[in-house]
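Next come two complexes built around subunit A: one with subunit B, the other with subunit C.
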Partner chain A sequence: MFSLVIQAGIVVSLLVLGYLFGSFAERRHYKKIREREAKGTGLPVIASRYPPQDQRYHQHLVTGSTVVASDYFKNFLAGLVNIFGGRVTPFESLLDRARREAVLRMKDRARELGAAYVFNIKFDTTRIATGRLAAMEVLAYGTAMVPMDKALGLRSALSDDDVLQPGPVHAV
Partner chain B sequence: MLVSNLEFLPGRKVVRHLGLVQGSSVRSKHVGRDIAASFKNFFGGELRGYTELLSDSREEATSRMLEQATSLGANAVLNVRYSTSSIAAGAAEIFVYGTAVELAEDVVTDV
Partner chain C sequence: MQYENRLPEEGINVTRVHPLKQFLLLVIGALVLVVSLVVVLQVSGGWLAKRVPFDFELKVIEELDIEFGHNKQHPQMVTYLNELAQRVAIHMSVPDDMRFQVHYNEDDVFNAFATIGGNLMFYKGLLEDMPDENALAMVMAHEIAHVLHRDPVGALGGGVASTLALLALTGGAGSSMAGSMLSAGSVTSIQFTRGMEEAADEEALAALNALYGHLNGTSALFEMFSDARGPSRRSEQVLERFLSTHPRDQDRVSAVAQRAQAEGWSVEGALTPLPEGFKDWL
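After this line comes the complex of A and B, so read on.
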């Protein structure tokens, strides 16, 4: 009986801690995402395979990625929703955050290159499972279109390796 | 080497198609990282260690693909796609593929 109470106590305190820390982290992350999105409106990301023809551009592959973990409270809620079915909103917001973060990181990289657009954006989402751990990786990648005059100026500054460098990691 | 996930470059001519090039990499994190990550899983947030791991892994896969493209005599890889699958607890495979081509020389060749 006593051990049951202790077990229940552990679960409840994990739920409370998960809720407090998780919702705090989520609010903070959303605030940062909105700020950075508002700042970065000058660089359109376009999901088209056909590059602009108005002038000559140099193309450069850019990527951005993030791995996000769910919290104990979200997992619990998702478990409840699973019983009755329906929208699993706790995970929807988690993936929304991850996707927007990945796009922002990709755009940061494109901005460094002096790109005018990012074309043909693709997403890749994978569950990274380690035991009980439920974490998702979201990758966003696309082709940065750098106007030729800027590309010529950048030519000396860029090397082959630049293609492979991930975007700068920002505090979340 | 020019790497792009578009299928063509306006104003640049593809002289030769050299076929599919690919690169892959499977990596996992040491146990300490996994334990740290499982703690983070109670409270949510970004798992920075895994973000780094996967982007390093992606870099490695891409450089393998580029090696292959270079050995074929390509100067560009077009229509590049990434794919990720988690194959076991704590290990993920990154796969990258694209079409190796030879582009006609131009004002700016490859950056």
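After this line comes the complex of A and C, so read on.
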């Protein structure tokens, strides 16, 4: 009986801690995401595979990736949803944040390269946790379109491993 | 072509629902589900277990190899209790294959209980307060009635069924856990429902009337239980009515009177004293 009370106590305190820390972190993260998104509207991220033809661009692969882990409260809530079915809402906000953060990181990289656009953006996601731990990687990647006139300064911004394709883009 | 990025619209990919509200709803739902599951399994498990042959109960108890009480140190008491059980059981419709084994425990506990395999346990704490044989026979008949109604195996079967289900739900259903459920602890601490207790009382009264020709001594027994429990406050009495598995002592006293009146049984009659040396056998 006593050990049962101890166990229940541990679960309840983990739930309270998970909820408090989790919701605090989520509010703070959303605030930062919205601020950065508002600032970053100058660099359009386009899903289309067909880039503009009016100018010559260097193309460069840009990626942004986030790894998110759930908190105890979200896991517990998701476990309960598992019984009854329905939307796993606790993970919706988690993954929404991860996707938006990944795009923002990708845009940061594109901006460093002096890109005018990022085209052909795609998302990829992988579960990287085992057992009860819930953690995922969300990867956003796309083609950064760096105008030719900016490409001269770009050489120094890129590392040796980066591949810069100097060709025209209208070969599609 | 013009390319522009609008700010992502909020609330499309995320359902707006307060996590605590959702949590509360789901927890209540899960609790209702688990409680109803346990109730259903308790009842159906008990119902099924009562259909297990009595032979099987004997085999289970043999397998568990439980040392009941302190029989070796008190041979006279054990002999007397078993002899009384035989005398009482004659007046109850005991099936041919059913056996009773009464054990004596020298712990100072004011209790007696019945468990699987027809094993009855009487504690010193109860026996030393017995005023006469009629009262003791009433307790004996009550415990025999439990075995007769297959209450111990029913309660144990229901308990095992619901515990297994809960273990499966919580992911703890290992063979070791399931195996340890039938232990000495679980076998000697079976809780019966109040309905089972009332049925056992009814059966016991009939047996007592057949044995002694009257019900004198039974009311005194329940009053003794009441005294042993000590005076309780009014609020506790209300709580007890709902929570206790046994009927309240006053209710049992009035049940004796009602039954006696309905059946035309006498509540007066000569009390049979306990055998000489009973106190020394304790």
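We take it that the second predicted complex is superposed on the first by the 155 of 172 C-alpha atoms of A that agree within 3 Å, B and C clash if a C-alpha of one lies under 4 Å from a C-alpha of the other, contacts with A are read in each partner's own complex, and residues count from 1 in each chain.
Everything below uses one rule, namely that a contact is a pair of C-beta atoms (placed from the backbone, for glycine too) under 8 Å apart; a residue touches a chain by one contact, two chains touch by 3 or more.
Keep in mind that this is a model prediction, so the values were computed, not measured.
A.B. asks: Please determine, from the superposition on subunit A, whether subunit B and subunit C clash or fit.
C.D. replies: fit
A.B. asks: Go through the superposed model and pick first if A:F84 touches only subunit B, second if only subunit C, both, or neither.
C.D. replies: Second partner only.
A.B. asks: Scan A:T41 for contacts with subunit B and subunit C and give back first, second, both or neither.
C.D. replies: A:T41: touches subunit C, not subunit B.
A.B. asks: For A:D71 in the superposed arrangement: first (subunit B), second (subunit C), both or neither?
C.D. replies: In the superposed model, A:D71 contacts subunit B only, not subunit C.
A.B. asks: If you stack the two complexes on chain A, which partner ends up touching A:Y57: first (subunit B), second (subunit C), both, or neither?
C.D. replies: The answer is first: A:Y57 touches subunit B but not subunit C.
A.B. asks: After superposing on the shared chain, does subunit C or subunit B touch more subunit A residues?
C.D. replies: B
A.B. asks: Report for A:S93: first if it touches subunit B alone, second if subunit C alone, otherwise both or neither.
C.D. replies: second
A.B. asks: If you take every C-alpha pair with one atom in subunit B and one in subunit C, what is the shortest distance in Å after superposing?
C.D. replies: Minimum over all C-alpha pairs of subunit B and subunit C: 15 Å.
A.B. asks: Can you list the residues of subunit A that touch subunit B in one structure and subunit C in the other?
C.D. replies: 52, 74
A.B. asks: Residues of subunit A touching subunit B in their complex?
C.D. replies: Residues 14, 17-18, 21-22, 25-26, 29, 49, 51-53, 56-61, 63, 65-72, 74, 94, 101, 119-120, 122, 124, 126-135, 137, 139, 141-143, 148, 151-152, 154-155, 158, 160, 162-166, 169, 172.
A.B. asks: List the residues on subunit C that touch subunit A in their complex, please.
C.D. replies: Where subunit C meets subunit A, its residues are 1, 3-8, 13-15, 17, 19-20, 22-23, 26-27, 29-30, 33.
A.B. asks: With touch defined as at the start, can you tell me which subunit A residues reach subunit C in the complex?
C.D. replies: Residues of subunit A touching subunit C: 19, 23, 34, 37-38, 40-41, 43-46, 52, 73-74, 76-77, 80-81, 83-84, 87, 89-90, 92-93, 95-96, 99-100, 117.
A.B. asks: In the complex, go through subunit B and note every residue touching subunit A.
C.D. replies: Checking each residue of subunit B against subunit A gives 1-11, 34, 37-38, 40-48, 50-52, 54-55, 58-59, 62-63, 66, 80-86, 89-90, 92, 107-108, 111.
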